[in-house]
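By letter and in written order, the chains are A, B, C and D; residue numbering begins at 1 in each of them.
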């Protein structure tokens, strides 16, 4: 069984909705089990959930983009992981990231870069969307998969005046499911042949 | 008179259209004169246009985002400027940047970061859009100013199957004019009190 | 009088030492007054210190780089500033940033980019080091000013096993003073001609 | 046999020296064959070398950092690869990157981010150094492996006044070999279980 952990923070529920759809897409892949974790409930690195993360084949990091980077509660989790880093406990795991904000671009790429740089410190191997962009021609629409045109990780957009029951919209939820499936498949392939990788 | 130079590359005309609208917005500011330069026509740094850049109060850099960063002809201009850098010839000038791609996000922030890092090497002072985001609520629309929600610099989106006569759309052209006006006003204010600034 | 605020977080004292030297350099500039603020003591945006920030001509942001980006307590301050952002209360102020970590590069540029993107959301105007790089030839040394070769903001390096009494070393403290002086001079020049800037 | 391609540009020979050492480290891994390609000699994407890249299990991108990002000849190669991108010809390959500049930090992280964003557009899977940092304590030295403390990719530093016979120094060449070995091992593990991975 390949295991995938989703660690996220959600301020108003939009990132949580996204996490659910990433999980749904991943769980649909044969041979993959998925579990989601709220960043603010992980506690200190000597506690139970961290032991589960230590065994996961892949960890997906998610947070809203607040003022141009991952939300503070997510950063607290990232900082806490420095204890894991010291022992390189997450080395060679598959990593990926997602984010959401009210604006279309809204500096979401900055958050995804922050996650990719973070994962690289841990020696993790980074997987993006692996998708072509949608909504980029006169015949395309905002109902396309990957309508925002994101590659390093998953981007979603949630209107500032709508709750997580309707935002982000269906297109982004569908994109999240495809993204979850991709990360799960990469993790399954990677773990299938897993063995220690040097230096 | 405050002088503003716009240095850009355009592969298919969309960035050129954007440059024209940035110039239009800047030229409408009292006391500001504007000139546009094609990056691929600037030649080597000992040639005429570079002497004009050396005297400008502000330089705006623009290029399409190709494969996640500024187009190669723009990068050639940036590399050529290393001769200016050695003598810190652009130090303390106002700098800004714009980019366009077919996707909504499309890694355009990566290009703007590249420009900001480049300008910082030159010791330039960076100015962004200074705008609130548009198209980020259920009552907003793609006809809003700053519809992509960009802050570090100007972002525009041009459908992959449309020429520069119609893409980027009117909202982005209007945003470009406001952006040009802002950079011109910042440059005018800055040059008004200009004097050498220490190390 | 031009006023400069330094807002920072320091986990082990190294960033605090840096803040002190930035402040020292800035305070030595005629006509400039400086005040430092600990990010974790700023409270909510309706409290006193925020009113002082609202009046400052320049704000310098500083934090250690933890796991590839600004420390979580600094991010909490950044997130809290979203209330100021809604009213564009920091628009057109001068902004700058500094960071420190144990490694020479250590992803410090990621933190400076995070600060620059953050400042751009606020509509602030970004100023870097304005310095040439040190320690980049066979005749140079680690005692050079700007020995790490940083431009977007100030970088310092503090050995992991040394306290803030000795780390970061003298070269970085001297660099911090020159950096503080530069930001102060830019802020003074900018405020001298200050008036509302459009868009 | 797992195949690894190294595609690089070198202006003065320092990046070429680095490419040689990355290749040396990779070639020492059992079951891995390595070939290096000069970016400026690859020609258009319908030519022979591109067919070899299409079959490679991993591609390592390398270039000097000029003015804050990858050198223009490297960017030309990256732009030319858009034809491959349209058909997703490099999807699911392992990717990695390296860069060199005269300064210690010198905005090299900006180039590595540029490569990671580029690789993500291609749907490639990104591998960093997987190393702990060197030269970050009072007992460490510039002769340490990973003396610059880089994670997203390989960083080296070459004194501005020294040729590629001596710069970058031995520590960086050793780091390059370990980096090459790591990428080769990740690629071997990945290709061992390779099969198409979904969208």
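Just so it is clear, contacts are C-beta pairs under 8 Å (C-beta built on N, C-alpha and C of every residue); 3 or more make two chains touch, one makes a residue touch a chain.
On a predicted model such as this, the values are computed, not experimentally measured, just so you know.
The set of chains in contact with subunit A as well as subunit B comprises C, D. Looking at which of A-C and C-D shares more C-beta pairs in contact, the answer is the pair C-D. Centre to centre, using the average C-alpha position, subunit A and subunit D are separated by 25 Å. Spacing of subunit C relative to subunit D, judged by their CA centroids, is 32 angstrom.
Among the residues of subunit A, those touching two or more other chains are numbered 68, 107, 109-110, 113, 117, 120-121, 151-152. Subunit A meets subunit C in the complex at residues 66-72, 75-76, 78-79, 81-82, 85, 107, 110, 113-114, 117-118, 120-121.
By the touch criterion stated above, subunit D contacts subunit C in their complex at residues 68, 101-110, 113, 133, 135-140, 147-152, 155, 157, 159-162.
Interface residues of subunit A facing subunit D in the complex, by the touch rule stated above, are 88, 91-92, 109, 113, 116-117, 120-121, 123, 125-132, 151-153, 178, 181-182, 185-186, 189-190, 192-195, 197-199.
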